[in-house]
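Next come two complexes, and both contain chain A; in the first it sits with chain B, in the second with chain C.
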Partner chain A sequence: MSRAALLVLADGRFPAGGHAHSGGVEAAVASRTVHDTATLHAFCQGRLHTAGLVAAALAATAAAGHDPLELDEAADARTPAPALREVARKLGRQMMRAARATWPAPELDHLARHRPRGAHQPVVLGVAARAAGLTSSDAAHAAAYDSVSGPATAAVRLLSLNPYDATAVLARLAGDTDRIADRAARTAARVAAEGTGALPAASAPLLDITAQEHAAWPVRLFAS
Partner chain B sequence: MTTAPAPARRTPAGDTGSGVHATARVQAVSNGRATTLPLLHGDGPFHLRRLRPRGGRARVCVIGAMSAPLGGDRLAIDVTVGDRADLEITTAAATLALRGATTDHATYHTSLRVGDRAGLRWLPRPLISACGSNLRQTCAVDLAPTARLLLREEQILGRAAEPPGDLTTRLTVRRDGRPLLDQHTAIGTAAPGWDGPAVLAGHRVTGQLLIVDPRLEEAPVQPHLLGNDPAQGQGALVPLTGPAVLITALAPTTVHLHRLLDHARSLVPLGL
Partner chain C sequence: MHLDHSDDLSPAFPRRHTHSAARPTRPDGTRRALRVGLGGPVGSGKTATVAALCRVLREDLSIAVVTNDIYTREDAEFLRREAVLPPERITAVETGACPHTAIRDDISANLEAVEHLEETLGGLDLILVESGGDNLTATFSRGLADAQIFVIDVAGGDDIPRKGGPGITTADLLVVNKTDLAPHVGSDLSRMAADAELRRGGLPVAFTSLRDDDGVRPVADWIGTRLAAWTTGSAA
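Moving on, here comes the complex of A and B:
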């Protein structure tokens, strides 16, 4: 296990296409529910405890070696909005391309072959973490952090927010992020015995609704 | 064949040992012409009343015979709809989750099983999460490949001008043994960010309609947005991965919610 490999995987500059997505914050900025540092914090906290928890658990379970195709099906059932399913698969496809080049492994090839249009991004992230020799907990941390770092970075561009303030939001959420990742990693251990029904399914109704709205915009800065 | 409510027992206030433990059971079967109800078992706060059938469809109303769920209660409803049977279940009044005599949480488990070519309309009135209450709900639905389902779920977060209690709701729908929809909503102190701009953004009434019907395989429904002013409520109708449509709406009041849900329902051209 390599700590540096985790830094490579979780780096915002890892070429997996995440920078083009706002994690729903562009729609929230447009509706003015996110307009400053405090509302960005509330947005990120809500996203972390819902979509972030689910993503972290999927990634942790995939990193533990659970069948990624079954996890991909569980991800579909936890993603009612078709716009978000499409985004998750598109990001999964890009993550797959980067991961296969970075940490070639038969498990990545297997998943790519069975999901040519892309598997859900957190599942690919988990398999990539495994290929990189990382643990379930590492994969959970990467996915949990990814669920808030994307929106925080996007908010800097959308609101001309001070980058120091946006980074401070992430730092203040570090404790929450650790707890979510730990919960996700513990779930991964349960899925082996109880099946994918044991995965969390925390939902954020507004993220689902506004993702559909956002996908219908003719002009937008971010893809989602 | 008759409604058989067990005598409603509630432990005296101050007894923190246990609340009400009750399981109501309904079983519907088809005799080829109509649906009959060989099992209609009320229990604790659940009083089950047979309503006049509509066409071949049997109808049952759940009447709350006592205040429930309160903290510590363990409630369950178990419904089985046999192959080709057709059942509708409603409730007579809203369900009010209250704090009760203990700070312990209450649980409310709903289990719905629907057989091949069978249909279930599960249409309870809203759940109200009162300040100080703590309720964990689960609804597990198991559908045969050709089963049909119309499921409604509405939540009112707090009575007038009060914050809601702690409430979690897990809805798990499996079709032919495979997961179709898995959703866990959490509000209150145990769910950081629940009222924020990613989750509910101050809306106090939420509602969902889930429609599962094999006919949606041939005639898929396109995503559709509901409402054009978030202050009046907002929502979306979305197709799931499978022959199913989920309608989700958030609103300031139940009147606004029903306006959104009724409009969305009219966009799915299926008689269920």
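Moving on, here comes the complex of A and C:
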């Protein structure tokens, strides 16, 4: 594996569309749930342990070589809000575009051919990691980090939060992010024997509800 | 030079152009629609220019528009309300408070929108991609736009061409809009023209007043020339 390839994949500048999404923090800012550094930390921690864990497990399992189409169905089953399913597929398509240009591989072509409107983003991320020669654990780390770095960046724009404070939130969550990624990678190792039922299905109902509402806002800074 | 875009997957250095926006042909070998980006500061008249272009070009060309609003879908809605094109030919991209990122650093959402229009409408000649209002440094990636227009206006100050910046200096066409306001805001058009010439090293500049009948004509003519060159394959 290449450690540098993981940096490329996990870089916030990787051109896969993430910059236009807040990971639910825009709705949380509007309801004053997130209004400062401490509440951003709490939000990111909650997201990491729910949506982040599920995304990391899907990515890790895809990176391990499990059938991505089956994982895509598992992702659908774990994403109850229609708005979030749509966002996940849209971002999956954008990730696919970036990944195929960056690490061309037959496995990416295969998934793109079978999911022309986009597969769930974590699944594409996992296949992309595999194409980049990365491990299951790498993919889990990239997905787990992605689940908190997006909201933190968005909060800087939405709240005029001090960017150093927002980055410090991510740094303080690093241990948690590692643990979630490790747990996701261990789960991925079990899926081959036990099936996708072994994947976590942690959910954050409030994120689901507010994402659905956010999708109908007439004026917003972020697409989700 | 015309590159051969056949897949080129050497194990040592796998490269291919299939997913590059710069690929100028459709899978059937015909030339895809010319993609023209319009950037410029807030309020300079980008949306009005797009609307006027659609009105004068829509009889002869199959056109679609992608707007990049900053926090609303207002530009797309304005174009639909004005009925400059049928609604299915206008689509909006959301930019997460960073309009320049969506046209330059991470063009994936715009490429998705452009390709979706091409797939669903078919046989397009021209796609106009309008950036969200931004600053003087905003430029389109060559991976998204084949040519770009930068729109400023005389009311923003006649020193803008002198100040330069990537938008002013590198755009394929600089449009100085609202010339009808020049006497009222004390802007010197000849000074703007001279400064633009100096900054742009001979790249074209169009002065427009969209309030005049056919005021967008210089821009429409420029697009016509680019499109002719694009269709025959003499311009990338």
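We take it that the second predicted complex is superposed on the first by the 224 of 224 C-alpha atoms of A that agree within 3 Å, B and C clash if a C-alpha of one lies under 4 Å from a C-alpha of the other, contacts with A are read in each partner's own complex, and residues count from 1 in each chain.
Keep this in mind: a contact is a pair of C-beta atoms (placed from the backbone, for glycine too) under 8 Å apart; a residue touches a chain by one contact, two chains touch by 3 or more.
These numbers come from a predicted model, not from an experiment.
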Query: Taking the superposition as given, does A:Pro163 touch the first partner, chain B, the second, chain C, both, or neither?
result: neither
Message: In the overlaid three-chain picture, which partner chain does A:Ala154 touch, first (chain B) or second (chain C), both, or neither?
response: second
- prompt: Looking at the overlay, what does A:Ala98 touch: chain B (first), chain C (second), both, or neither?
  reply: second
Field: Residue contacts with chain A in the superposition, chain B compared against chain C
entry: B
Query: Of the partners chain B and chain C, which touch A:His19 in the superposed model: first, second, both, neither?
result: second
Message: Between chain B and chain C, whom does A:Val219 touch in the aligned arrangement: first, second, both, or neither?
response: second
Task: Enumerate the contact residues on chain B facing chain A in the complex.
output: 170, 172-173, 178-186, 191-194, 196-201, 206, 223, 225, 230, 234-236, 238-241, 246, 248, 250
Chain C-facing residues of chain A, complex: 13, 15-22, 90, 93-94, 97-98, 100-101, 103-104, 154, 157-158, 218-223
- request: Could you please specify the touching residues of chain A with respect to chain B in the complex?
  value: 24, 28, 31, 33-34, 39, 42-51, 73-74, 76-78, 80-83, 85, 176, 196-197, 199-209, 212-213, 216
Query: Which of the residues in chain C come into contact with chain A in the complex?
result: 9, 14-16, 18-20, 70-73, 93-98, 101-102, 105-109, 111-112
